[in-house]
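What follows is a pair of complexes built around chain A, which joins chain B in one and chain C in the other.
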Partner chain A sequence: MSAATDHIIVQSSRTSRAASIVALLLLATLLAAPWWAGRADLRLFGEIYLYVALACLWNFLAGYAGLVSVGQQAFVGFGGYCLFALAIFLGVHPMAAVPLIFILGTLISIPVAVLIFRLRGAYFAIGTWVIAEVFRLSAAQISALGGGSGTSLPVDIVRAIASSRSGREHAAYWAALAVAILVIASVYLFLRSRQGLALQAIRDNETAAQAMGIDIWRTKFFVYIVTAGLTSAVGALIFLQKLRISPDAAFSVNDWTAFVIFIVVIGGIGTIEGPIIGTIVFFLLRETLADLGSVYLLILGFVAIVVMLRAPSGLWGFVKSRTGIELFPTTRRVEPRRN
Partner chain B sequence: MSIVLKLQDVSKAFGAITVSDELSYELQSGEALGVIGPNGAGKTSMFNLITGALTPDSGSIWFNGTDITGMSAAKRCRSGIARSFQIPQPFGAMTVFENALVAATHGAGLTKSEANEQCLSALEQTGLLPKANILAGNLTLLERKRLELTRALCAKPKLLLLDEIAGGLTEKECHSLVDTIKDIRSTGISIIWIEHIVHALLAVVDRLVVIDFGRKIAEGEPKAIMDSKQVKEIYMGIEVDV
Partner chain C sequence: MDWVNAVLQGVLLGGLYALFAAGLSLIFGVMRLVNIAHGDFIVLAAFLGLVVTTTLGLHSLVALLIVVPFMALLGYLLQRCVLNQTLGKDILPPLLVTFGLSVIIQNGLLEVFTANPQKLSAGALETASIPLGAGLNAGVLPVLTFAAAVVIIALLQWIFYRTALGRAFRAVSDNQDIAQLMGLNKSHIFGLAMALSMAVIAIAGIFLAVRTSFDPSVGPARLIFGFEAVIIGGLGNLWGTLIGGIILGVSQNIGAQINPGWQLLAGHIAFLVVLAVRPRGLFPRVDG
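Presenting the complex of A and B:
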């Protein structure tokens, strides 16, 4: 008998199997939300889903590929503007535009990646911000979309989504839920794959990863452009909910990057669960403290500092290091074969 | 026997510090070559040049008849050159098994089932199988060194570069390591081994190269090299009265 015949490799655990049953029940409940939740709740849930998607994508980029971008608002805004442009100029149905925007976002990110991948560390971060500013200034030049003051989605296009207001809200809600599930599932399946193994190795030690046959540039490039495409699709859905776009709102570093970084850092960078936990904490704080004005932002900063000092790997990282629990198991474990 | 590796006048300098000075030698297929020299002689830099972590300023490096001087580090690994690091470089947040799996899937390009089999057998060979599910960041220094060897083996190399892998081992562990390296060598893998534990090195290698200030100062049969006055003076740092 050899080690190979005596052992098997497993990726799931009892906890993860129980978590997947709970997740399915939760998903069914959330899918049915239009029948049990109020209009304001649906809008809030939709916003939460889109932030979960943005946070998972930023975490994928920074937490796994080590690409700390502070310019992801470039793709949120790009996606939003593409939605308006495709719908207004080309008559594309807004829902059908979303997958097209994924492709456009991926394509536009290729020259961006080729340019900014020449930069390292802090220079890379600043470079991404500069690119986002270039995107914002370019959008402000498009007079057909309102230039610097922006524009609203025409009524006939809004009605094309659904004839009634509630129908439109339900469609926007389900689209947001679908994109959040798509993003989480994509990240999870990628991390369980052969390429995901490479990405985790890069996260831990680039020198060793390269010496073990991993093409670091190509892996990071792939992660960057796919993340950009999906972030653009999320951006399109954000402005489909808002029905209005302007350069300042679309390319806001605060809304689409700073808050997202806060979410990932407090939730747990480099874990799939972290961004989800972080989004829930962020919205709990926002919904209970937002009326306090600037004090609310001070409290957010305080929470971030406390978490970074007491649990540097985030809330989920703290739980995982003490319990070993993985709700989305990517770790491969060696177990004795039972006959 | 064919030539697996050939270094031809390879030079590399960082400002005024020369880490490789027109270094040339050849390694035959299945041969085990030992490399010795004082600290800072340029031994690890030589491995960095062979594996592509450093690019030479001049000269060329040939592997199995192909000029690999401009080839990326990842491609060199995939073509059959694997190394261990003097200071272990584990993937700290991944398990021991996953560390090995990275090398088997990306370095050796094995399929899922082949890679699993290769990793389990390499872990068994290096005695790390009981630690397979432990995060590599939690291993002791000695276990990390074994993991370095395991990963290099999982990449299924034609040329294995070992960098001070016996440092810090007890006498018993050192004997066990020598046996493991002899086993590896018996499979036909060519080996270059940098080591300060000379008795371990001499138990395995066919030939020794001595490096100082990036230059090759001696090359030949191990006993003759270790007995030479020049090596004793430069490597041991002592004056020898003949």
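Presenting the complex of A and C:
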């Protein structure tokens, strides 16, 4: 008995505690960005936050729950369309609509999950794509929202967010930052919880996890629907920034899934840090190579393949294997008790 | 009469979908690989057909003699040089690598051929039709496509169950390690399976290109149609795949008959209904 009490299980480390202080300072700086950054920068930052959120969510799904989806654009588009529908038809304030859309996204993903969970592995992936197509084709049938050509958010609704343009831009910026932090924090806290331990056990060995009494279906189902809800909320904010929606833009597989997959693979799948680093790399590449048009996508696809073949744990995996650093500690270590 | 016609054309369209599906089903059966770039390879084959017919002045169907071996060789090399490295217990690497390939092919084609829609001409064959009486007509080309699908599926069945190559395919599919011990080189066998799959893709691509116009972005939808045909028919059953393709084609045409905007939606809904009612497909292979 004494041998057991001599040891404790720890998750944090000195590095991670130092990192959390740096993170708080960085957060304060970013929160104050409307006072020190220009309009274009603010817009770019907002876009980066939303991509960080999408990448974290996709990574949560694929890297932790083993549910590889190529159809997350279904929920991005669903969130966007719900925002427009709630604001235009029911007069809901766009900012108040975002939490509602989280609930709606979670609800719609329940029947979706029940259906596509019948498919395994790679077939699951294509199944998610079919769902996204069904959503896109259905959205194109809603003539009140412009059918196939889409619609813009009416001016009086845009004015309701804030009367001045800079006010609206600041609101959109803070909302994007808030949702990114919310997503990272939820994923992080979930992984540190009891259910998170179960999820990581499933990832490492499904049979062994099942033998320990973990309900695999229920755990994955929970991850899927929460991810869908949060992805819908992010989608709502994306189209709140754009102020215009169309089925092709809302359910774009390139914008909301291909880019996100490349971000996660390059940054490091199955880590919390990976998607954040991947997003930064992605935007650095984009800002320098965007003029190349489709060649840029070609390069991105090529880099992702090389990373997958040569360094499957990505940039952060490389750093982690060399140094053992975890900025967001989720692994558990046994250490001797110090008094 | 419109309805009978819609069903008839849907059945014939199903032949094309079965061609999309056969290659997908084949490599999944042999190595549990799902090629996300499958549809983009179909479009690549269509563009190759375009290059061959315009530069050599060949008839579209004669171009098959060049495009099929070329795609088969490409498939073998792709498998040996890239995809074999991704196979293993983890399903993520093959998925993400083929997803990357899909993006590369789409944007590569876009760079070379631009986004303009293209079409392969097949001369008088395009408009020729067989009168079936009572105002019904079956186009010669759709009938030819359907016949090609039947012949190819019969051929694949024969290869799988009657030849040494098919025995090797089934052996590596059942147990890779023991197949290796019996003297089979699984890397080579996988390469041959991908070559065969790509040969079918080439045929599908040419028939697609003669039937409708195409551009670099249409690949993913072909992957989805092929996938739906596989799942509706039942995994591992090639004849089931043909029936899956027919069900998909008929649903799409009936949907289009009700409202032109519902064509694709009706096909997807048919797929989802089958998934809800019979998750293993209508005709799953018994020994699963």
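Operating definition for what follows: the second predicted complex is superposed on the first by the 336 of 339 C-alpha atoms of A that agree within 3 Å, B and C clash if a C-alpha of one lies under 4 Å from a C-alpha of the other, contacts with A are read in each partner's own complex, and residues count from 1 in each chain.
Criterion: contacts are C-beta pairs under 8 Å (C-beta built on N, C-alpha and C of every residue); 3 or more make two chains touch, one makes a residue touch a chain.
All figures in this text were calculated on a predicted structure; none of them were measured in a lab.
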Once chain A from each complex is brought into register, does chain C clash with chain B or fit beside it?
fit
Touch test for A:201: chain B only (first), chain C only (second), both, or neither?
first
Quick check on the superposed pair: does A:258 touch chain B, chain C, both, or neither? Answer first, second, both or neither.
second
Identify which of chain B and chain C touches the larger number of residues of chain A.
C
Report for A:74: first if it touches chain B alone, second if chain C alone, otherwise both or neither.
neither
First (chain B), second (chain C), both or neither: which does A:126 touch?
second
With the two structures laid over each other on chain A, which partner does A:300 touch: chain B (first), chain C (second), both, or neither?
second
Give one of first, second, both or neither to describe whether A:140 is in contact with chain B, with chain C, with both, or with none.
second
Cα-centre angle that chain B and chain C span when viewed from chain A, reported as a multiple of 10 degrees:
80
Looking at chain B versus chain C in the superposed three-chain picture, what is their shortest Cα distance in Å?
7
Touch list for chain A against partner chain B, complex
2-4, 7, 9, 194, 197-198, 200-201, 203-205, 207-216, 270, 331-334
Interfacial residue positions of chain B with respect to chain A in the complex
51, 53, 72-75, 77-78, 82-83, 85, 89-95, 97-98, 101-103, 105-109, 112, 116-117, 120-121, 123-124, 129, 132-133, 151, 155
Within their complex, chain A touches chain C through residues 62, 66, 68, 70, 115-116, 118-119, 121-123, 125-127, 129-130, 133-134, 137-138, 140-141, 253-254, 258, 261-262, 265, 269, 294-295, 297-298, 300-302, 304-305, 308-309, 312
Can you tell me which positions in chain C touch chain A when the two form their complex?
28, 32-34, 36, 82, 85-86, 91-97, 99-104, 106-108, 110-111, 220-221, 223-224, 227-228, 231, 261, 264-265, 268-269, 271-272, 275-276, 279
